[in-house]
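One chain, subunit A, links the two complexes that follow: it is found with subunit B in the first and with subunit C in the second.
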Partner chain A sequence: MLSPEFIRGPLFKFSLLIFILGMVYRFFRILFMGWKKDYAPPRGSAWGGIIKTYTKSLIFLPFLPPKFPSARHRPLTYVAGGLFHVGLFAAIFLLAPHIETWRTLLGFGWPALPTPLVDGLAVVAIVGLITLASNRMINPVTKMLTGPADWLNIIFVLLPLITGWAMYHHIFGLNYTKLTNLHLLTVNWLLIWTPFSRISHFLTYFITKTMHGAKFGRLGVEP
Partner chain B sequence: MTVHQNIANYYVQHVDGWLIAQLDACLHCGICAEACPFFLGTGEITHTPVQKLEPLRRAVTQNFSLTGRLFSLIHPNQPSFDQVADWVSEAYFACTVCNRCSLACPMGIDLGALIQLTREGLAAAGMAPPSLADAVHRQKVTGSPLGVTKNLFEDRLQQLREEEGLDIPLDVPDVESLVVFTSVELIKFPANLAATAQVMNASGESWTLSSAGREAVNFATFSGDTPEQIEFVRRITEAALQLRAQRIILTECGHAYDTVRRIATQLYGTPLPFQVENILETMTRFMENGSIHLDRNTLSGQRITFHDACKLQRLGGLIEEPRVILHTIAPDAFIEMTPNREAQLCCGGGGGVIANPEADEIRMKAFLPKVEQLEAITPDVVVTACSTCRLQFLDGNKYYNLDIDVRGITEMVAAALDPRTPKGA
Partner chain C sequence: MSEQTIYEGMTERGISRRDFLKLATVITAALGLEYSQVPRIAHAMETKTRLPVIWLEFQDCAGCTEALTRSLDPYLTKLLFNDISVDYHETLFVASGKQAEENKTKIMEEYAGKYVLVVEGSIPMKDKGIYCTIGGRSAEDILMEAASNAMAIISVGTCSSYGGLPQANPNPTGAVGVRALVKDKPVISIPGCPPIPEVITNTIAHVVLLGELPELDALGRPKAFYGQTVHDRCPRRPFYERGQFAETFDDEGAKKGWCLYKLGCKGPTTYSACATIKWNGGVSFPVQSNHPCIGCTQPNFWDGGGLYNAISAPPGAEAASGINAGIATVGGAALAVGSALYAKKVKQKAANAFQTQKNADKEA
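So, the complex of A and B:
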């Protein structure tokens, strides 16, 4: 059995290195592979479009029915998707023990949410992701589009969430050290896996969404 | 080299940061399907917009991603001939490049532009449907996909001058505006030509048509044949330069406006030295500066709705212009379809679909969501600003027995100009 010190120490550093290098490579490849430019006189403001698209999708989407009609055909995807991301964000950034990890990495921390609340949000994230996964099997369109990589992504995100939640509740009959090890290992694996997978959409989202807002803003169309 | 390798090579040569970002961002959520009139009209999952990118996605994954490269080494599956035929039929027959999916995508992926790129790769490998490829060839040789030669064009104009008693200037230099028509209007909707001439003459703005730049339609945009696309735009821009016109006005055509105004600047890599306007902008400009006055009461007692065109409204931003016009000439009669504006449902005929006989059946199915929209408001007249939409509405009207009058907006404006000929009433 691997020691927690090894997983927290050298292995974590290695995983972080892969994660950071991989994401930096992805980002710069997109940035430096060249872009087509639109020279037509703008009919609206690109920045206005960018602000509008983020206001709609990041601030209102999980909480209000989206304005665009086709989105209303699939409310489950939006609501479950939105809640999953809120829960995941809370678990990663607002749980007291995790903030301690961030403090050792960054040199500073921030106030945590009460742990029982984050625990609840983590459950929301788990339920949300399982709902999305079930929908992938039920909806004929997503069923066709979903490939093995998508299932691996779901499993690799679900594992740290479930092991973390089990740690807090001391369940599954495993002892705390073993669960901790398991949790840390799944997190390490997720870090290594992310740059090679579509989980990297936490970065590409901001690239495509910015381009989308800018394009339709310039065209004078509400993005 | 096999066909699919030729297709893939085109994408590999044209890969850029934009494309990588777009393809990386897709999470396979399938929301784009819910936006697509072809999916909504048929319920067939193969018409999911992102699925239409299959050849593009395949080529980029196999050449630009580590996992894709490894996987294609282990499992190098070659697409069958049937598969390539499916790619062609999905990209050309089951898509009007209406860009509704681009607005619906939660990740902001520009699906419309990606499908256009998919078509370009297929066209570069010689896989564009024969009906489109033939039309491109005809446009290259005769100057028009419908075979409107210079002589035919001049004869037709002379005929219109005599029939309508109109002044239609041709090849007059140093004018403010060069007006470019589509041959669809010339052949199918000559009343639109007459109406445009009436509006231009009434405004007092100096204008001309050009015999060299006589065709606004660009079939190479539909087929994805980029070299010819540039050539066809160049005919128009060169005519404008030679006539020293300050502005190009494109009449009722969706893709022509987008191609000349926006895509041309991308292909040229430089801004155009003159303004490019759609007739909608021209007419609202005339209304605002008082050079034309419109009668308010020509159309009362009817129910009139406007169909937003994908290239003019959703991709051109000309959303308020037709509404300003219709609220002026039909203040009591104008009603909106739902959804409308940038969220409108495409008619199903654009993007060259209407020109493919192979797509006749599916394009009527894609019109079905439109029929539902129309039935909800039971209009007497549908007004369009795009001749392709108009043709599709005329076909749909017949196919579904809708009994709706389909009209071009310029004709409505021209009719409102002259109260002695109230064509709309």
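So, the complex of A and C:
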């Protein structure tokens, strides 16, 4: 059995470095992909487009379902997907023990949400992700679009969520130390897996969004 | 002497039947057993002869013995010293040298397979065990000899349970716990630095009186005392739930008795009865006295990443993570630029080849 000190210490460090290396690679690889120069005279501001697209499609529209296209076309994906992301965000960034991890890594922390609230949001994330996975299995279109890598993505994100939730509640007949080890092992694996998978959309989403805003802004059209 | 039962010994000292039954009730309660078990305890004391306990000390600070002698449970301590009888204990007995060792050998022969062996302190394995010897014999040698004929072995304290402080990185003496050496006998661990005195007396009394092991967890600890975490029974638990934490030892939160998680409390991962039995006769325990739990009943607690760092803080991450993260960042960027340049070159080459082919086609 691996010792908790090893999992929390050297193994975590190793996974974190793979994660950083991989994500930095992904970022710069996209940046230096060889974008074609746009020789047309700009009709609007690129920065204006970026600001507009973020305000519109990240801050306002997702919370106004009738105005949000995907909410109208795919209500299930909208609700389950949205709740999953909110829950995951809360679990990673707003749980007091996790903020202590961030504080060690970054040197600063921020206020936490009450633990029972984050506990509830984690359940929301788990249920959301399971709903999305079921939808992938049932809906013929998403079923065709889903490959083995997608199933692995779902499993690898689900595992840390479930083990983390289980260790807070001390369930599954395992003691806290064993569940902590499992939780950290799954987190370590997720860190290593992320740069190689589509889970990296936590970063690439913002690249796409920025490029989209900049292009549309330059063309002078509504992003 | 050896044929006298515990009860007979007590009546000889003038204890009435009525007091004996009262004592049996108190002991039953102290062992954490149900009221229905009183007759069983009384029967055990009526029929069992005085059983010797041999207490060995190796790489220890005698802190566990110090704790034991301050046990405020008078019945069990009396029982332990008067009726169960600790026959060999380096710190507590008057005899010393050859005489004491001879006495120990005599007990081990006379009570072969019946005595209980208590071990305090870790056993050094490096360099043939030269770091802890008694009369020229290594700790391992002494332990294995005593363990071979023992009914059961109780390792008292974190050092004898897992290796403890002597085993902490870099473990200069190659220290190990009893469990790592004794494989063929039941070993009960009572970890703690020191363990709660009542837990020591209760466990020894349980084994000696009932002649059976208490229910143990995966690490060999009695479930009655190590079944729940400090966090489970913590009086500050509501503050943890609400997310109210003391940030420093003298801030407003600390004065209001808020949760000590951020100050390094290991309560959530530490299995011990500290919050229920408490210390000094139930007066207080560390968390109640405004100090985080250091997790002393858990293996490797010295190397767990600092007594004052939160459990979720990865150990040793602050030391070199900045530099390593920098290297990873630069490495990732370099890799990306390199791969982009390579891709460009490949693309250019393909374009050139295409152009050459096109020109050749034109000429033809």
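We take it that the second predicted complex is superposed on the first by the 215 of 223 C-alpha atoms of A that agree within 3 Å, B and C clash if a C-alpha of one lies under 4 Å from a C-alpha of the other, contacts with A are read in each partner's own complex, and residues count from 1 in each chain.
The criterion applied here is as follows: contacts are C-beta pairs under 8 Å (C-beta built on N, C-alpha and C of every residue); 3 or more make two chains touch, one makes a residue touch a chain.
On a predicted model such as this, the values are computed, not experimentally measured, just so you know.
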For A:Ser45, decide between first (touching subunit B), second (touching subunit C), both and neither. neither
Touch check for A:Asn175: first (subunit B), second (subunit C), both, or neither? second
After the superposition on A, what does A:Leu17 contact: first (subunit B), second (subunit C), both or neither? second
Regarding the shared-chain residue A:Met144, is it in contact with subunit B (first), subunit C (second), both, or neither? first
Which holds for A:Lys37: it touches subunit B only (first), subunit C only (second), both, or neither? first
Between subunit B and subunit C, whom does A:Arg29 touch in the aligned arrangement: first, second, both, or neither? both
Who does A:Thr104 touch here: subunit B (first), subunit C (second), both, or neither? second
Name the chain, either subunit B or subunit C, that contacts more residues of subunit A. B
First, second, both or neither for A:Thr131, with subunit B first and subunit C second: neither
Go through subunit A and flag every residue that touches subunit B in one model and subunit C in the other. 26, 29, 31-34
Per the touch rule, the subunit B residues reaching subunit A in their complex are 15-18, 20-22, 24-31, 33-35, 39, 45-46, 48, 50-51, 66-67, 100, 102-110, 261-262, 265-266, 268-272, 275-276, 313-317, 319, 339, 341-343
Interface residues, subunit A side, partner subunit B - complex: 26, 29-41, 43-44, 53, 57, 61, 67-71, 73-74, 77-78, 81, 136, 139-142, 144-147, 149-150, 196, 198, 200-201, 204-205, 207-213, 215-216, 219-223
For the subunit C and subunit A complex, residues of the former touching the latter: 217-218, 229, 232, 240-243, 245, 261-262, 268-269, 271, 298-300, 303-305, 309-318, 321, 324-325, 327-329, 331-333, 335-337, 339-341, 343-344, 347
Name, in rising order, each residue of subunit A that touches subunit C in their complex. 3-5, 8-9, 12-13, 16-18, 20-29, 31-34, 96-98, 100-101, 103-105, 107, 112-116, 170, 175-177, 180
